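Note that the chains take the letters A, B and C in the order they are written out, and that residue 1 is the start of every chain.
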Amino acid sequence: MNFLSLFVLIPLLMLLGLWLAKGVKAVRGVMVVGSSLLLVLATYLTIDFLAQRAGGNTAEMLYQASFTWFEPLNISYRVGVDGISVAMLLLSAVIVFTGTFVSWKLSPNLKDYFLWFTLLSMGVFGFFISIDMFMMFMFYEIALIPMYLLIGVWGTGQKEYSAMKLTLMLMGGSAFLMLGIFGIFYGAGGQTMNILDIANHTGGAHPIDFAGQCIWFPLTFVGFGVLGALFPFHTWSPDGHASAPTAVSMLHAGVLMKLGGYGCFRIAIFLLPEAANELNWIFLILTGISVVYGAMSACVQTDLKYINAYSSVSHCGLVLFGILMLTTTSTTGAVLQMLSHGLMTALFFALIGMIYGRTHTRDVRLMTGLMQIMPFLGVCFVIAGLANLGLPGLSGFVAEMSIFVGSFQNADTFHRVLTVMATCSIVVAAVYILRMVGKMLYGVCTDEHHLKLTDATWEERFAVICLIACIAGIGLFPSWISSMISDSVAPIIDAVKQAI
Amino acid sequence: MTYTLFIILLPLISFLVLGIAGKWFSHKTAGWIGTLALAGVTVLSYYAAYEYFFVIGRDAVTGAFERQVPINFCWLPFFDQGLHFDMGILLDPISVMMLIVISTVSFMVHIYSFGYMKGEKGFQRYYAFLSLFTMSMLGLVVATNIFQMYLFWELVGVSSYLLIGFYYTSPAAIAASKKAFIVTRFADLFFLIGILIYGFYTGSFAFVFDTPEGLASYAQAGFILPLALTLMFIGGAGKSAMFPLHIWLPDAMEGPTPVSALIHAATMVVAGVFQVARLFPLWVTYAQDWMPIIIWVGVFTAFYAAAVACAQSDIKRVLAFSTISQIAFMMVALGVCTELQTGHEHVGSVGYMASMFHLFTHAMFKACLFLGAGCIIHAVHSNEMNAMGGLRKYLPLTHITFLVSCLAISGIPFFSGFSSKDEIITACMAYSPAVGYIMTGIAAMTAFYMFRLYYGIFWGTENKELHAAHHPHETKVMTWPLIILSIITVGVGAYTTLAGFGMFDGYSFGSLISADGQDYRIHFDTSVALTSTIVAICAIGLATWIFKGERQPIADKLYATFPRLHRWAYKRFYMDEVYQFVTHKIIFACVSKPIAWFDRHVVDGFFNFLAWGTNATSNGIKTLQSGRVQQYALVYLVGTILLIAMLLIF
Amino acid sequence: MNITIDYFLILSAVMLGAGMYGFFTRRNTLAILISIELILNAADINFAAFNRLCQTGIEGYVFTLFSIAISAAETAIAIAVMINIYRMLKNNYVDELDTLKW
């Protein structure tokens, strides 16, 4: 029994527990115990991983385990983690943990909600521990489906439309992805679905010829890119986030969108290096557009969730941008950006949800002076905003700087121009963040309905403080996590570079 | 000298304590925590300065003050080219001088704020932000590399944002804080790009290269390094409010007045000057040809700001424009400095020293002016000059200190501004007489508008009704900082003036800080000193003639004669409107709105169209599945017959 | 007069044709049921006729009886359904009974 499997097993047990649980208290109890266990597990994993690395264990993937699951197609249940996955697991655990507290008072059907929520998190954890393409794909699908119900049932506004749109677009991505995965599988000889085996092919040439790679690369990249809000496949994100209930927005923007970036790197670039070198310019242009375009459209939105969703488009664009730049620093920065964006966007959505739960409006024009009425939420909102625009000392700065410095290592005009374009987004980010903060929090509250509102409750405070602590932690002491990630990124990038 | 770490840590701790637990403290406790932390910082800074200049002293071989790096560690590794983001503490003459300036002014402001902010809601928050600012500014000046400087640069930006927006219920303050942050951030974008270029081509973010390899990579870089430096200069111009990027500073006066004194007069706004000074060896060595950019931006800003300052009626705005103008003086001084060698013959290197000297003296007297303005505003509850006039009777201490500072900024001998401004003009003259005369003219304008301000507040037409209704008075705790700062102004001024004229063997500011760290003895160029003094006195005389009296017929006549000019100057030559137009009418309306529309209608429309298309197709096919058994049976029958027919035929 | 197989076949063909025509054109469920019965009976006649022609056993008759029994059962169910539908919807025209369709 490999202890990575606990990441899947604990959610399964939580599902069982939830199914048996009677009453709101029992449901909450199961969730708190389960998600705390996951958090502890993720923390332990991180510490142990770092200890093993420090002890000189240089294997590409640690804690590997495998058993065959479906012989004819060589599908196995195969798990293992490297620095990137450890970082992502830690992120997911934090978000699931805080998400539990954010959904504390959700109604109706808290139990059903948490069932789907747990199923979703199981998919996410499973995805990050898998190193078998098929298992990854399967967990990916497990994570997508509950989203439909979570938004469709517990959402707000145009929830059916948004849920449908989100699910259909992501499923469309999965279709591309499936083609890509099978293309890689058969292209590489149809012997194995194991990512490591395909990548570390014996003999000189890559098993998939160049023409084949050029077909499968765009398919896999777009397939994952849809989830990573790649322009122009990002439009599910604003609607989906706007309609989703708070914790689902958190989990979705915080973790699920990271599946996209992670998959792009782990499958598209790692397994198809020659095509990645050859074709990355197309996607670089698209992601470059995402970065500026998302930020620009966030400037004129009036719905809080739309603002944050477009800002997510911009930041997730930066993730893919960093990955495609194919340097160790930029890719490390991209992973850091996944981590940092995951945390801060979760924080943002959590706060927006809390404010919306009180004011019943998300229109920035209808809110003023909330700082006086709910100082705690107001201050946290400002911190979230500052994290979003890349204030030093919070995680966004570290990630963005790594991406920019890394991207700038490509010395040709094309990459340079794109990098400069991407840096412009940090100014635009300041514009929309300050606009939102200024309109909503500052000033004098005039709405008498708002005057009676209360500040955050204990579980809300707890969730928010956890997230802020993580953001500040990464922002103040980035070097350990950055080194952990880059240790795993560097060999991959070297391999990709050598493939030319 | 690792104890210098505490110079940064103390305010950080105080920020965290006040920021997190502030609301459970009383105002008094919170104020004391902040002030005590700052007192610690001040003591440590002075001790560090003492140790740096007098204990460690000059290097025996080179005869210069060597840079000390007590702490330096890798904060964030980058993995290509061995780049890394370091954090550390670098002590050299200018950073030590900045430590003194920042800690002194900040300490004064902390004390002063006890009185000024008394009873304000959010007192604890105010002190927390002050600590945050002080920490960031100290971190900025002791930065060991350009990236660390950028990090703290952003932090001072955000603390400035928070402090300008301190009165967050006032719409003007909200707008001003937003503007300040966005404008400086826009400039910082160039700074960042400059850093990226610099880092890539030199393989390091450090300020200097001691190894020949580092120098070789410079040499290869060609125009790249000047470009990088110029981009960084744009960043500095944003922070230091140089001409096209100056628009945020006057609005920043919406913040509490002590904040204006600390951030927007003495310390943060000179960060740009400090940055250019920090990179100065690179400028001089590799980018001489590009330095006229600094000069002309500086000259124009100095003139523009002085012109606008002559027409403002809000006393803080006058001071703000005067700050812009004075910072431009410092920039010009750096720009006209053409070599690193010091020594009496090398007039080309005076500018660097003059700039730093002016930075130091300006910080002291401008802080004094702003704090004085704070006392006045506190007394009359208005920023407008027409609410003042004749205040010398009510605020005697403020009056004297304000006068001292006005004399200093005007460049009257025996006041600190004289010595530094005189050196700047000497440096300009050495570079090009044209620049020298322009700067002398602007110095005269400075004297004129400062005394216009002085007479407008303390003499001139008194607003008797207002003063009768509310008797203006001084608060003791607020006058101490004024007295201390004006003593510094007079003391430094008297000493350096005498030193400059040959007493004490010329041992003054230049002996500690000079372009190459060597001992530079300041000796005034008599003709320059005489000219600038006479010009300043004439300008003061003119201001006295126009503005001193109870009635001001000449001023009224002037306004009547040049109404348009006055109006344009009063409206700051409509620069804000230009920005407003560009941001709202062009960027928001012509870029963001269409993009948002495009996203909702074209990109999203495409996917909605796909969904609609699928639906329409399904609807089309759906009629085949009518659910009518008879129809199915008929199709079945026809099919059977057709099949049979086919079988029969073939 | 010798009654040959042709007569039976013509009769059953006419019945089949009439049944099919009725099945395709009538909208009344009862009429459709009657048409189905006609078709079934046409088949029954064929069974009986061919059994008589071949003279080999009684399989044809057996199948006929089966068929009659099944059609009786089917008719019973069908009529029960129809009556229920009619009671609920006051309608027994197939093209109008689309409540469960979409």
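Keep this in mind: a contact is a pair of C-beta atoms (placed from the backbone, for glycine too) under 8 Å apart; a residue touches a chain by one contact, two chains touch by 3 or more.
Small disclaimer: the values here were computed from a predicted structure and weren't measured.
If you tally the C-beta contacts for B-C and for A-B, which one comes out higher?
Higher contact count goes to A-B.
Quick check on this structure: which chain has its C-alpha centroid closest to the centroid of all protein C-alpha atoms?
Minimum centroid-to-centroid distance belongs to A.
As a quick test, compute the distance in whole Å between the mean CA positions of chain A and chain C.
The separation of the two C-alpha centroids amounts to 65 Å.
Please compute the C-alpha centroid of chain B, do the same for chain C, then give the distance between them in whole Å.
Distance between chain centres: 98 Å.
Please tell me the distance, in whole Å, between the geometric centres of chain A and chain B computed from their C-alpha atoms.
A distance of 37 Å separates the two centres.
Taking the touch rule as given, give the residues of chain B at its contact with chain C in the complex, in rising order.
Residue list for chain B touching chain C: 627-630, 633-634, 637.
Over in the complex, which chain B residues touch chain A? Could you list them?
Within the complex, chain B contacts chain A at residues 74-81, 83, 85, 147, 151-152, 154-155, 158, 161, 165, 168-169, 171, 174-175, 177-178, 181-182, 185-186, 189, 192-193, 196-197, 199-200, 588, 591-593, 595-596, 599, 603-604, 606-607, 611.
Which residues of chain C touch chain B once you look at their complex with the stated criterion?
20, 23-24, 32, 94-95, 98, 101
Can you list the chain A residues touching chain B in their complex?
So the residues of chain A touching chain B come out as 165, 168-169, 231-232, 234-236, 239, 293, 296-297, 299-301, 327-329, 332, 369, 371-372, 386, 389-393, 397-398, 401-402, 404-406, 408-409, 411, 419-420, 423-424, 426-427, 430-431, 434-435, 438, 441-444, 478-479, 482-483, 486, 489-490.
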